[in-house]
Amino acid sequence: MKLNVYLSGEIHSDWRAQIIEGCQKEGLDISFSSAVTNHDASDAAGDGLGDEQNSFWRDHKSAKVNAIRIKHLIENCDLAVIRFGEKYKQWNAAFDAGFCAALGKSYITLHDESLVHALKEVDGAAQAWAQTPAQVVDILKYLTTQA
Amino acid sequence: MKLNVYLSGEIHSDWRAQIIEGCQKEGLDISFSSAVTNHDASDAAGDGLGDEQNSFWRDHKSAKVNAIRIKHLIENCDLAVIRFGEKYKQWNAAFDAGFCAALGKSYITLHDESLVHALKEVDGAAQAWAQTPAQVVDILKYLTTQA
Amino acid sequence: MKLNVYLSGEIHSDWRAQIIEGCQKEGLDISFSSAVTNHDASDAAGDGLGDEQNSFWRDHKSAKVNAIRIKHLIENCDLAVIRFGEKYKQWNAAFDAGFCAALGKSYITLHDESLVHALKEVDGAAQAWAQTPAQVVDILKYLTTQA
Amino acid sequence: MKLNVYLSGEIHSDWRAQIIEGCQKEGLDISFSSAVTNHDASDAAGDGLGDEQNSFWRDHKSAKVNAIRIKHLIENCDLAVIRFGEKYKQWNAAFDAGFCAALGKSYITLHDESLVHALKEVDGAAQAWAQTPAQVVDILKYLTTQA
Amino acid sequence: MKLNVYLSGEIHSDWRAQIIEGCQKEGLDISFSSAVTNHDASDAAGDGLGDEQNSFWRDHKSAKVNAIRIKHLIENCDLAVIRFGEKYKQWNAAFDAGFCAALGKSYITLHDESLVHALKEVDGAAQAWAQTPAQVVDILKYLTTQA
Amino acid sequence: MKLNVYLSGEIHSDWRAQIIEGCQKEGLDISFSSAVTNHDASDAAGDGLGDEQNSFWRDHKSAKVNAIRIKHLIENCDLAVIRFGEKYKQWNAAFDAGFCAALGKSYITLHDESLVHALKEVDGAAQAWAQTPAQVVDILKYLTTQA
Amino acid sequence: MKLNVYLSGEIHSDWRAQIIEGCQKEGLDISFSSAVTNHDASDAAGDGLGDEQNSFWRDHKSAKVNAIRIKHLIENCDLAVIRFGEKYKQWNAAFDAGFCAALGKSYITLHDESLVHALKEVDGAAQAWAQTPAQVVDILKYLTTQA
Amino acid sequence: MKLNVYLSGEIHSDWRAQIIEGCQKEGLDISFSSAVTNHDASDAAGDGLGDEQNSFWRDHKSAKVNAIRIKHLIENCDLAVIRFGEKYKQWNAAFDAGFCAALGKSYITLHDESLVHALKEVDGAAQAWAQTPAQVVDILKYLTTQA
């Protein structure tokens, strides 16, 4: 069984690489996708369309360019993994979770126990809560290879 | 024109009351709804279904009971107003925004300028960004009464 | 807040009456609906369309007439309560649960602890599991009256 | 004509193998998929995410992990075959049937005559009722090869 | 239980009146709707938009004006009754049946036994086949009043 | 039969008033709605959310506030009438037509013969083309009152 | 541009072959599909599931087996061509047209001028009316090869 | 990341070629599609179906044939680029934009600053506004190649 998995959320740790490499080692038939994770490039996504003096509109243009990619990838994925780290607001990750929930897309959350109470609504609509990338790899292996 | 407006997000300030009272003063034909905003009641929503020793499952049960109401109200609203305050993670508010976006429901965000960069994805899919409850009342008045 | 609640499943105990009366005592604004619960009438739903010598076709005709009502009520409800008793196969109740799940309709299961393992897939897609009608009444009260 | 066929239900007899091998002998262009049919593995699907002392939550976690696979496969199949045996409650099979019905997915039921009355609602929404795997193979051959 | 019932098909006999009056006598809470059944008015529905010399375009304009009403009523009905008489092609009735089927709207066919083979695909997607208006009234009574 | 009719397009002639008054004279059960047709108010719809020095963003904010109303009204109408005048680009009217087409909403175009070639794609997806408000009134009368 | 084209309707003339061969001669990138067009095989589609003494049920079983294929092919086609001949009721062809219309699938009708009035509702929802298979080939060539 | 991009609008300048060649130079994995852009061929799309003396019907037939292709391509694209030039009404381009908006398809507008006010509703639902084909190429490169 093949799966397209969208990886959403935190860009300050290597959780994406851990999951991707973990699946490669297991030889799983999974393709991964993500939003642009280069922070500076992402913030500048709309800059080529003209300069903005107002930071709201600079952010707005970039966010809407990025949304073309994010929406396309979420709508075409079979499963999302949504990571919340300890720092930052990460509202975009929660936004992606709500987007998945409304579309009926399954998603797995990935976060530490310390965030359980703050993420209860996001976890409530998730199919699973994992605490480590290795757990995610195990689930993906189970889903795609168990007879 | 009548509107059903769902009010999502922060429960620690009186922004809901300001919007509702502002619309009442203007005599607008708008009905408002919200998730349960009593913090303790909301956290205990699932307690009647049996005690849990594990806090994850206590939260999980309550979140899923609350989701019955939230999902029903969002799916039946014409517009959502989604408030982000300065404190707390408020991932549920961003989750609601993503849910609205995927359903094609219009929403207005309500937050200070300081949160603009962190909320750029959430604002990117919004129909408007307001900074004060009075601005929201003005938009609602315009939408429902302007010829 | 008003809710339309569909009551699915077991017809051999008075759980429907307990929920309906419990909600009436609390003065909740809830309307309830059900499939035809008169067993003989339900089995004979299609008999007026012509006699059948083959019991499969007699059942088939009645099931399809009943499905007009069931499908209509589930598609128009805001929430379903799905009851499984100790006896009988009750596959229609599980069918209704799957139907709700695919439509994104919230449902609450109502069954004893002894059925937990057998119902794990049905409970897995439910918003709550209750063991008594009184618990269901409490959730409905919370959902429709808590500020 | 190619078909993706999802095989749902009973895991205690070799009906899946009979259908798959029957189609292979006929050289049909059909790909089959199933939920995890290894009973122990399926029950333990969520164990890697942390131990649970409460059996409800152990089942719940596993059921939701399994649902990622089941939902994905049903949503992507062209046809489901849903098998009910003599033993066990098999509510998950009826749940899958309801899920298919709500999505407008065609399904064929496979069960003995003794279950006709108990399965009348499930059969009522089915496209066909077969009593043997060989009959299913014949239908699949007809659907994919008859000019 | 209230139902909106759309009556489609034959306009040369009084089957609509028989069903409506039968339901009124029973005091059922059912509202009925139909396409324009005045044959001349229906054929002339588009004439006010300008004369046509080509009969195809005259028919086309009228058919599309009538389709505004038919589509609106079918999309908003809870159940359709689709009548086929002995004479004429009545392709519009079969078209309405296909439209209902694709929308997942329940429909009942009403026709004599002589048409069974010709209508097998239309009956195959129906919830019931009735041979007389009185049978339809009985089903509607059962659906809306049986406890 | 009752209809909710959305009136889209040109704001520089009195075609809306002609249709509304024509229907009132006929006593038709039709409710009409429109975008804000006060040109200055519409252009200023977003001004209360903060000044913009860049005219693109001023227009953008107002357009998105107006879209809350337009989208809501189109999604809830039963039929749209879309008017194109001789002057101006009126791309918003064509946009509304495309929006209706994708939603499967019936619409009638209202324009002079001189615009036929330029509007062929918009007319191609319409249910009718009218040249005068009186013709629209006639169609609405026919649709809602003809037996 | 590649197209999947579903060919519905009359099975007593060689119109399918004319279209398929015409497209092959032009080298068009089109794949065609159809219901089972072998009349006897189609009528017997359900016979393997058990004998029926009642001809209604024999037809019913076969129609529902055939519907698995037809529904699958229509839902996955890009365009349908629906042929009406001079003889027979051909209600299944009109049913397919209504099914396409409700799904928003484009279809082309293929019939003689003599049937124009009887088919006005079916033609009213079509994208084109052709009178000969050669005209259909020309349209398919235009759609898939014109720059 | 691969994208299917639909290019809608103006056919009197070489903006399509600029975008396609720009992407080819960058080696992007993008497939492009368009309506028929040969003006004479497009206007004559329906001529093979029979002569029309009335220019409305000639346009109507051609527009509906062309709509088969346009609707198919828009429904299957991942992103649309919609170009408005200085001349002509270009209502079909705005119609396509509205169609995309209702389907939730992302689109980018491409037009000069002089058209900003007239296109505010169309730009309001767009994900980006570009002024040159080179800017579109840059966005497509960013979307498909940025890590």
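Should a chain be cited, it is by its letter among A, B, C, D, E, F, G and H, assigned in written order, with residues numbered from 1 in that chain.
Quick note on the criterion: a contact is a pair of C-beta atoms (placed from the backbone, for glycine too) under 8 Å apart; a residue touches a chain by one contact, two chains touch by 3 or more.
Please read all numbers here as calculations on a predicted model, not as lab measurements.
Novice: Matching E-G on over half of contact pairs, by residue number: which of F-H, B-D or A-D?
Specialist: Matching pair: F-H.
Novice: Interface check for copies subunit F and subunit H. Shared numbers divided by all numbers used: above half gives same, below half gives different; which is it?
Specialist: Mostly the same residues form this interface, as more than half of the numbers used are common to both chains.
Novice: For the interfaces B-D and A-D, which has the higher count of C-beta pairs in contact?
Specialist: The comparison resolves to A-D.
Novice: On a C-alpha centroid basis, what's the spacing between subunit E and subunit H, in Å?
Specialist: Whole-Å distance between the two chain centres: 40.
Novice: Any idea how many Å lie between the Cα centroids of subunit A and subunit H?
Specialist: 31
Novice: State, to the nearest whole Å, the distance from the C-alpha centre of subunit B to the C-alpha centre of subunit E.
Specialist: 44
Novice: Using mean CA coordinates as chain centres, what's the gap between subunit C and subunit D in Å?
Specialist: 23
Novice: Going by the touch rule set out above, which residues of subunit E reach two or more other chains?
Specialist: As it turns out, subunit E has residues touching two or more other chains at 64, 67, 104, 129.
Novice: For subunit B, which residues count as touching subunit C in their complex?
Specialist: Subunit B residues touching subunit C: 33, 36-38, 41, 45-46, 48-50, 61, 64-65, 67-69, 71-73.
Novice: Can you tell me which positions in subunit H touch subunit E when the two form their complex?
Specialist: Where subunit H meets subunit E, its residues are 52-54, 57.
Novice: Under the touch definition given earlier, write down the residues of subunit B that touch subunit F in their complex.
Specialist: Contact set of subunit B toward subunit F: 1, 3, 78-79, 104, 106, 108, 127-131, 135, 138-139, 142-143, 146-147.
Novice: Enumerate the contact residues on subunit A facing subunit B in the complex.
Specialist: 55-56, 59-60, 62-64, 66-67, 70, 84, 88-103, 113, 115-125, 129
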